[in-house]
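The chains carry the letters A, B, C and D, assigned in the order they are written, with residues numbered from 1 in each.
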């Protein structure tokens, strides 16, 4: 499905912001796809300083938000922009920046949005000596906004040690019951012989 | 549609199979025929030659002991280790050749892709079961033996179904 | 009593509610455990306990370079290995800036459609035998061998092909592959059309699956279901149609949708997809360029810039995405595999609640769930 | 002669000698018969540990049809089984369950390690959750290499196991 079709079918709820704000994206760059830029501008128009656009590519947008605002922005994305499910929740460990980034890849089953993936990323503080669940590595859970993230967040909790507040069921999912080491997907967890 | 007609329909399509030929391959007597002599790789064009990925065959007169196969396997299964051989080849100064542990090998064929001297190929031999782990380790001398196998059964399709023959 | 291994405890429940462990050694559970609480014959709640085949693929991928990642990344679904390598190859091609030759794109489509049928037939066989329909185990496993033969001619292995590689495919098609492929696909299509009479119109199957485990359209969307589970609930979403990759936009096919959302519809969608796959393969074999290169030559340790990419394809179990982050080293910084099985798992507690225990295999296997893939 | 032997004072010796002779005469054919029975009823436990179960399923399919040898018939109850085919990777979560299953089986029992992961860990030699082979968990009789092994290799492995049982002393 081409982008021109997408634009004509765009849902009425989404107000495309036409005026060039100081914060909005420069449209002079030709390689930026139009439909995706409009989507990003909708977000920028409504939240302004709270969000930061990482990149806009064909069919892919990545926005970066603070963890205090993520629930509010996710609600907006879910209700007004019609992104209705999460494809993946990825935790990425950055020991140098001392943070753990969590990326929600949000997709939609609406006809005009179905080729789009909106990556909503936020980051939590990383502790060098993790005690999963009781240290400062905490994020608000999006489970009440996107129901489909429930198991993904559980997986992220055990693999990266990010505790999701307000998640109904922050238990272990894949690892053995007697796992007592640090969460395995952290960079300081070394595997055998490497 | 009623239950009865559903049962009759299912029975009817099942009963037809009485007249269909047997599909079973009688394994120890018949063996499947494969494309070519096994998976090979042409480093000049950079494209493989289709074939079964079975046990390797090592050509001692071409192996230079460059360890590229071993390096390729390092990130995959660590199945290939270089061992000393009691042979003198002028292209192989260090006299080392790959030894493959089939307890670790996953038959991906990336070692064949890595070999630039046409020394390591894969053959159609797949019968490698053993009583012990040591029996799965193939030394360079064992690897140079060309397997002697008769594989000739092929799928034949006609009006009365598929069969091997 | 002997000492119990860690993690297994004997719980004491009240008289009415009983806890039942289904799996991991249970013919109906596969490689996972489902902890169900039952009241008489009715399931009160269900708690899936996956992770018995969790092998740390994502961690291992961080220690291997872009080429040596190929063999182990296909292991989660060995019988659908082309489709799980597809998004990885697409992603790495974007990261390294490779242009895939046209012929390789068509070969990829053919291989991935063959592989989708192989996967679906195995799943159908398992679904059949757990519903007590042993003919439905024998027929698909037999017909599967026809396609496995084709894939074996193409790639050299029965199931773990390791055939896709960033920049194309490992080797070209063998001689007269097209003729053999057309002949076997025609026969195969004739065979699977008979499944309708022996399986899908069988009153035993119908009484066990119709109106069990109904997933409404709105719930399927909000639970984030994908693949056959989603399309059985009436949502028309197929990545091949919505976000065509490689040459799928040149090919003639349709995505199948059913409305009812019960186990019967979920079991029928993959079968309809197989018929569609046969069409795609024939179409691709007509359009494929007759000669040309099939692989871009790669350097041994290719390096990439600071790029991240999320690519997805339609696998046998639904949308399969790979999120690859590169930081300029020969190894990826992070690989996340987002698989259809794991996404569909969340439907299981929802669907089983209030269902009878005897319907559990019918509902559980209809989710098109492959535990090894979900655990990764 | 015989009359000399069967004296009241050496009757005990005679009986024990006769016992030895009887055991020697019967042991071999009886043991052969017992082993013959065991060879043709190698029924595996239905425990799938990882992805090799795909090829295990294919081996029971119409093309290879291992049941024509009387072996590897998929079976429900582990109390009636005498073979564990470890179908692939054993993770740390699965290992205690596998041992639990093995301990519950009646003697005699045999183990086939199927696939590279079950033999040495295979591809997952550096994974944090995978055991490096099942030798530490179960005593293995036959190793079937491959990733996964072709059904032919599995059948060959079963035949090796039959050879091994033939040479075993039946108890």
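Definition applied: a contact is a pair of C-beta atoms (placed from the backbone, for glycine too) under 8 Å apart; a residue touches a chain by one contact, two chains touch by 3 or more.
Only a predicted model underlies this, so the values are computations on that prediction, with no experimental measurement involved.
In this structure, the chain pairs A-D and C-D differ in their number of contacting C-beta pairs, and the larger number is found at C-D. Taking each chain's centre as the mean of its C-alpha atoms, chain A lies 52 Å from chain D. Chain C and chain D have Cα centroids lying 33 Å from one another. Rounded to whole angstrom units, the spacing between the C-alpha centres of chain B and chain C is 25.
Centre to centre, using the average C-alpha position, chain A and chain B are separated by 44 Å.
Contact with two or more other chains is made by residues 62-63, 91, 93, 123, 125-129, 147, 150 of chain D. In chain B, the residues touching two or more other chains are 23, 76-77, 106-108. Chain A has residues 175-177, 184, 189, 191, 194 in contact with two or more other chains. Inter-chain contacts, as defined above, occur between A-C, A-D, B-C, B-D, C-D.
Chain D meets chain B in the complex at residues 62-65, 68, 116, 119-123, 125, 133, 135, 141-147, 149-153, 155-157, 159-160, 164. Taken in their complex, chain C has these residues touching chain B: 63-65, 67-72, 135, 142, 145-146, 149, 152-157, 160, 162, 170-174, 183-184, 187, 194, 197-199, 201-203, 206, 293-295, 297, 300. Looking at the complex, you find that chain A touches chain C at residues 1, 59-60, 62, 84-88, 90, 92, 103, 105, 107, 109, 114-115, 117, 119, 146-152, 155, 159, 173-178, 184-185, 189, 191, 194. By the touch criterion given at the top, residues 45-51, 53-55, 57-58, 60-63, 74, 76, 78, 89, 91, 93-94, 96-97, 99-101, 123-124, 126-130, 147-148, 150 of chain D touch chain C in their complex. The residues of chain B lying in touch with chain C in their complex are 1, 3, 6-7, 9-10, 12-14, 23, 34-36, 38-39, 46-53, 72, 74-77, 106-110, 113-114, 122, 155, 157, 162.
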